[in-house]
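Just dropping this structure here.
Order of writing sets the labels: A, B, C and D. Residues in every chain begin at 1.
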Amino acid sequence: MTTTAPHAATPAAPAVPRQEVPRLACDYTTAAARRRMAFLREVTGVRPEHIGRYSFDPAVCAGNIENFVGVAQVPIGIAGPLLVDGEHARGIFYVPLATTEGTLVASYNRGMKLLYAAGGVRTTVTADAMQRAPVFGFDGAREARAFGEWVTANFAAIKNEAEAATRAGRLRDIEQFQASRFLFLRFNFTTGDAAGQNLAGHATQRACTWIQEHYAGIRQFYLEANLATDKKSSHLNILRTRGKRVTAEAVIPADLVRRVMHATPGEMFRARQVSNLGGLMAGVNNNGNHSANAIAAMFAATGQDIANVAESSAALVHTELRDDGGYYYSITIPALIVATYGGGTGLPTQRECLELLGCYGAGKVGKLAEIVAATVLCGEISLGAAVIADEWVAAHERLGRNRP
Amino acid sequence: MTTTAPHAATPAAPAVPRQEVPRLACDYTTAAARRRMAFLREVTGVRPEHIGRYSFDPAVCAGNIENFVGVAQVPIGIAGPLLVDGEHARGIFYVPLATTEGTLVASYNRGMKLLYAAGGVRTTVTADAMQRAPVFGFDGAREARAFGEWVTANFAAIKNEAEAATRAGRLRDIEQFQASRFLFLRFNFTTGDAAGQNLAGHATQRACTWIQEHYAGIRQFYLEANLATDKKSSHLNILRTRGKRVTAEAVIPADLVRRVMHATPGEMFRARQVSNLGGLMAGVNNNGNHSANAIAAMFAATGQDIANVAESSAALVHTELRDDGGYYYSITIPALIVATYGGGTGLPTQRECLELLGCYGAGKVGKLAEIVAATVLCGEISLGAAVIADEWVAAHERLGRNRP
Amino acid sequence: MTTTAPHAATPAAPAVPRQEVPRLACDYTTAAARRRMAFLREVTGVRPEHIGRYSFDPAVCAGNIENFVGVAQVPIGIAGPLLVDGEHARGIFYVPLATTEGTLVASYNRGMKLLYAAGGVRTTVTADAMQRAPVFGFDGAREARAFGEWVTANFAAIKNEAEAATRAGRLRDIEQFQASRFLFLRFNFTTGDAAGQNLAGHATQRACTWIQEHYAGIRQFYLEANLATDKKSSHLNILRTRGKRVTAEAVIPADLVRRVMHATPGEMFRARQVSNLGGLMAGVNNNGNHSANAIAAMFAATGQDIANVAESSAALVHTELRDDGGYYYSITIPALIVATYGGGTGLPTQRECLELLGCYGAGKVGKLAEIVAATVLCGEISLGAAVIADEWVAAHERLGRNRP
Amino acid sequence: MTTTAPHAATPAAPAVPRQEVPRLACDYTTAAARRRMAFLREVTGVRPEHIGRYSFDPAVCAGNIENFVGVAQVPIGIAGPLLVDGEHARGIFYVPLATTEGTLVASYNRGMKLLYAAGGVRTTVTADAMQRAPVFGFDGAREARAFGEWVTANFAAIKNEAEAATRAGRLRDIEQFQASRFLFLRFNFTTGDAAGQNLAGHATQRACTWIQEHYAGIRQFYLEANLATDKKSSHLNILRTRGKRVTAEAVIPADLVRRVMHATPGEMFRARQVSNLGGLMAGVNNNGNHSANAIAAMFAATGQDIANVAESSAALVHTELRDDGGYYYSITIPALIVATYGGGTGLPTQRECLELLGCYGAGKVGKLAEIVAATVLCGEISLGAAVIADEWVAAHERLGRNRP
């Protein structure tokens, strides 16, 4: 057949002129927010009563939002006590979870109760790296390879440039990935207590400017081309870490599982085996049960970037039925992106949630990562047991009652 | 070597007795929330001032949260006007985005401006299915296959049972996936305006009870074993849809790209090619730029389950450089899980955000899906152009100033 | 930076004129093969003595090769007896394996011995489908969806057209996969005893010609666009089968494992768990040990298309430690592409190898699939045990002696 | 429901006693082969006439096969001249392809003709590494991390041990991948002209013995646990190379594409875009057309391990439509496992095929890798054009005539 250039139909341009959302000179003010809300009422006919009821001065939002009109009030429930045996987090925590999904808090709470009785959750941050992955194009693969050798030889200078752009960031190493006539460089930074995406972006940008000034033959350059892989789950990040790589583990005595979970370790382990098989066949990025639930709820509560749930929800679960009947359960989160400084962490409720965990500010990011991982583990076991004990649907029926 | 049974060290049990978060008889009340907050103050020493300042009666939260103490106030910014040429959404929308990431609203706003001038975003919901995927174990693969034949032959009866458990749900079909001595059944429901996970769970549960009563030889049964794949990204869902499968597309004239985006379609297309290569090598579940940003921000604003960002952030981007210089850009979101009824959609600010979009309540879920997809497309193009025009880091520097 | 169009350096054109490999009017003859061999001697200076020593009339190769010069003599070893408890294959088989990898035959032989003692390998073909997956492009996603509805409504007519092009093929169903403005149709055929790629291609081609004559608005059409996915491993084929989906399973008593394998089921199972974890992290298309070894060796021996090892080597392993100490081991091969008719199956040594298995000709393809799967299982267990027993490297040292 | 332990039915033990394939004291002799053939005749009733007709002394097979009975005679066709502009391979080659798939040689031949006219194929080996990936288990993740630090600190000593076990192998580095309480170490070797799996296995084994003697607290050890990932395709190997990473690239003038391929670069490029989309959706490990065909045929001809087609068939294709109308086409093969020494390379026909390419023996492996990649590229373009020009099915009809 003749392949004609395809085209999409274009809708008629709207009759009314385009009306932008108003901005004021002093834009992070109640007045500006109200002005925009009035505009919204005008163009939509809707009169929101709750969005505009926030408890802080909009000035605190500068740097976090544009065209501010108010807030989403996301309910927070408290699960706990969570007993953590980490290196950064040690002891008892009450965990704020912001969610609208009924049973979520109750389910995590149940898991925390079980693991409290089992002696707590052991947590370990095993790696730490935030990336930006610029790509350089050359005449051909051979030239790309030569560039890679140059980068290796000039690492000290590149590191110097990159780190000149940031206070908190340190360039750990640069990984190289070649395909076609391109060399992708994966700049791995440690970023202190910030999540560090912007820091990494800025520092890499500066380093790349220097590289372009010092290396001839670069035909294309992009600061990012899907190898970081920001806001996306990828096998690369499962292998090589993005943010923190954290493992939470626990051994639960058999009688405890039976008493609290109404299931035996053997039953739970057998079900897990089938979930591993199902997940392998489905092509999951997470063979666990529902780590995204805790991660999303803690991210929303503590001012993390909730879009990072996309990548942070990847997980590797490994469990073992021990000879003494105990159940070893571990989850490794290879791309947990958390911060206790910068981003949304300083906003009023977000900061308070961090403070409830003793995690606000400098030197706390490892602690937060451990608490998140420990919480995730509690939920894995709780849901895993519920599926066994046929309680799952029943629990949703009872607690999640306003669902259709 | 001798492989001895490994064991994890157990922390000493905490000296103080375990203190549960208090619950009251009437638990969804301000009094109960305050009681818990007092408890938190006592055990943590922290005195939150903002979490407890919500604008609604806690009674509305029943079914959405347990151990309610207050709310996360997540800033909402408005992007728009967004011009949508959908089947359910037609015309102009102002989109509430709840986020703490600076530049996000501005970036989407810029893309909306471009696509408004280009005639808007064309959106299409091409598929709709919510799943629960129970698994049945047998003596061997042969028996699993025989069971599959029985399920096919008895589909009408199974459908009958499943649908008896729900008002809104309809069982579309049951897909079968065999591995080892297991048959996984993927129950595909349409679920009206609810996201439908609980509905699907409940209906599938009932159908499976019936199945177990009518089929001999089932050795194991689990209502879920990672083939749904709830709260997890999977290749299966990219292929076979979870929630809505939506495509947003637009053709942007070359001069418009240049004028608004400071980049040519040719430059943007070339960069996209390299992103496709990078993403393929990295093993991404999304070859786009950052769909998770819009999805997370709209989910938080409108009361969707934000944990679903894990799966809803998967995306397939396809672009074309047309002969007339125009740039065709499309994104297909294969697992967009949205609701306009049930879950968190009825909470005060969440409902208001849906109302701002004209999406609250019955018969609106297709409209919401289209608006989300259209918003996502605007952000894809905006960030895609920024990477080209070297504006990306600079924009974050200017707007995201409270970052380290 | 300025992005200039990249270019690859071009080598100087060779001074000597281009010399094609000679072809004769009667090309599948010894004379033609010798003529080409003489040409090779002339242009390379090499005088092969063995390639030209084949035992058949080159006329038999027509349809299998072009520019025939002789044969690769690939050593065949025999493993067995293999005891199979299949539906198509029942009883004892001696399996020809063509390979150059030392220890391969010995390893499979050892596994066969173990599973013979355990009562044999149970095999089941659970699905059968060969595909071609044409793609149709439209103005937009909406038009692609409409086309999909038309295809569903016109399935009978399309099936009619497709089947008119083939004797052996039956069109089972057409799966639809939409992305952007494209609809991919996956035509699933059963193909009798042929592998069926060409049959499927031909029949789909004819159906697509008919479709193009009867449906307006198709803007692009390709008979294949990486959704089949011929000669490539894909998650789609793991989920939905390509060729035969076969499961081989066995339960091995604990004392047998110990006696023959010098390992306990518990040790083997524990190691398997770690392999599952490793494979999940690595992103494998096969969590087993080395199914490709048996598949490649049997494909080479029996005239299968060895390029299909790319897709046929995908596998799903699931094992269980039973309460009585027995070890349940299963492997599911979701894309085993085999034929007992057509392709290379009629060539002299290839046909003889099929005959040794009682698998040459009509009605035998299920039997061959089951024997391959049973062989694969024997090797999985053998290597699995060797890794445990630290015998692995030692075995290669002893048997694979001409390696560096 | 009650979950009872599942069990598979066991077939009745065969009545006749188990008859092993006979072995003689001098087993790599014609007498031994004939003895086994006689045995096969006896137990199967089949009288093979061709398998036993090989042209060499079976003694040459020791180390390559066990239970030798004869050979598979796989037809070899010659494609060429192939013009290569590599670093190791320069000039003209005539490529032996062992296959039974009609049209394969013709298709590669056509692509070679096109790329000859275009100035040849540029090839580059960009990386070289063969792996064994042992795993060590500990009490917990924290202990696994500590072990990783020890490995880094003791790299020199480990390297020393590893290299003491091999002449040709050099330990390049050890990558670490942690999950749960396990640390996987990926030992990356360069292996000279051998494929090197056995070398890597042996050297890693020795290093691991040393490690176990010098590090306390190791609870489990396996020499391999699916992170190498031998005989399996994996994302890890696409990212980090297994064997050689080779890129082949060419720029083809527009008029040449039209004249030889009956398609325009624009048409080919557009089709490629859709293949990229299809492959992304399908979850392929190779977005190209059919690299497995050339790789399998060259592996069979030249004595490579054909089971490695499983991993070597992964590929990354990237193409560009240049401003002057030329078509840039590249393929990167990230896990090409080839040898010119050891394994099957010294067998009679296999060695001759290597000699025809000037690739037998020491110092030739880079050359062979480049010729394979160049051949692959020719086939990619040839099939890519055929799909466009609707010649694909027609060609199979004409040349692959003995198919059903």
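By our rule, a residue touches a chain if its C-beta (ideal position, glycine included) is under 8 Å from a C-beta of that chain, and two chains touch if they have at least 3 such contacts.
What you see is a predicted model, and the numbers here were worked out from it, not measured in a lab.
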Partner chains that chain A and chain D have in common: B, C
C-D or B-C, whichever has more C-beta pairs in contact: C-D
Interchain centroid distance [CA atoms averaged], chain C/chain D, Å: 14
Inter-centroid spacing, chain D versus chain B (mean Cα positions, whole Å): 40
Centre-of-Cα separation between chain C and chain B, whole angstrom: 37
Shared interface positions of chain B, touching two or more other chains: 3, 5-9, 122, 137, 140, 177, 179-182, 220, 235-236, 239, 249, 270, 276-277, 279, 281-283, 287, 316, 318, 320
Arrangement of touching chains [line / ring / star / complete / other]: complete
Chain B contact footprint on chain D (complex, rising order): 1, 3-9, 137-140, 181, 212, 218-221, 235, 238-239, 270, 273, 276-277, 279-283, 287, 316, 318, 320
Residues on chain A engaged by chain D in the complex (per definition of touch): 3, 87, 122, 124, 126-127, 140-142, 144-145, 148, 177-182, 235-236, 239, 245, 247, 249, 267, 270, 283, 316, 318, 330, 332, 334
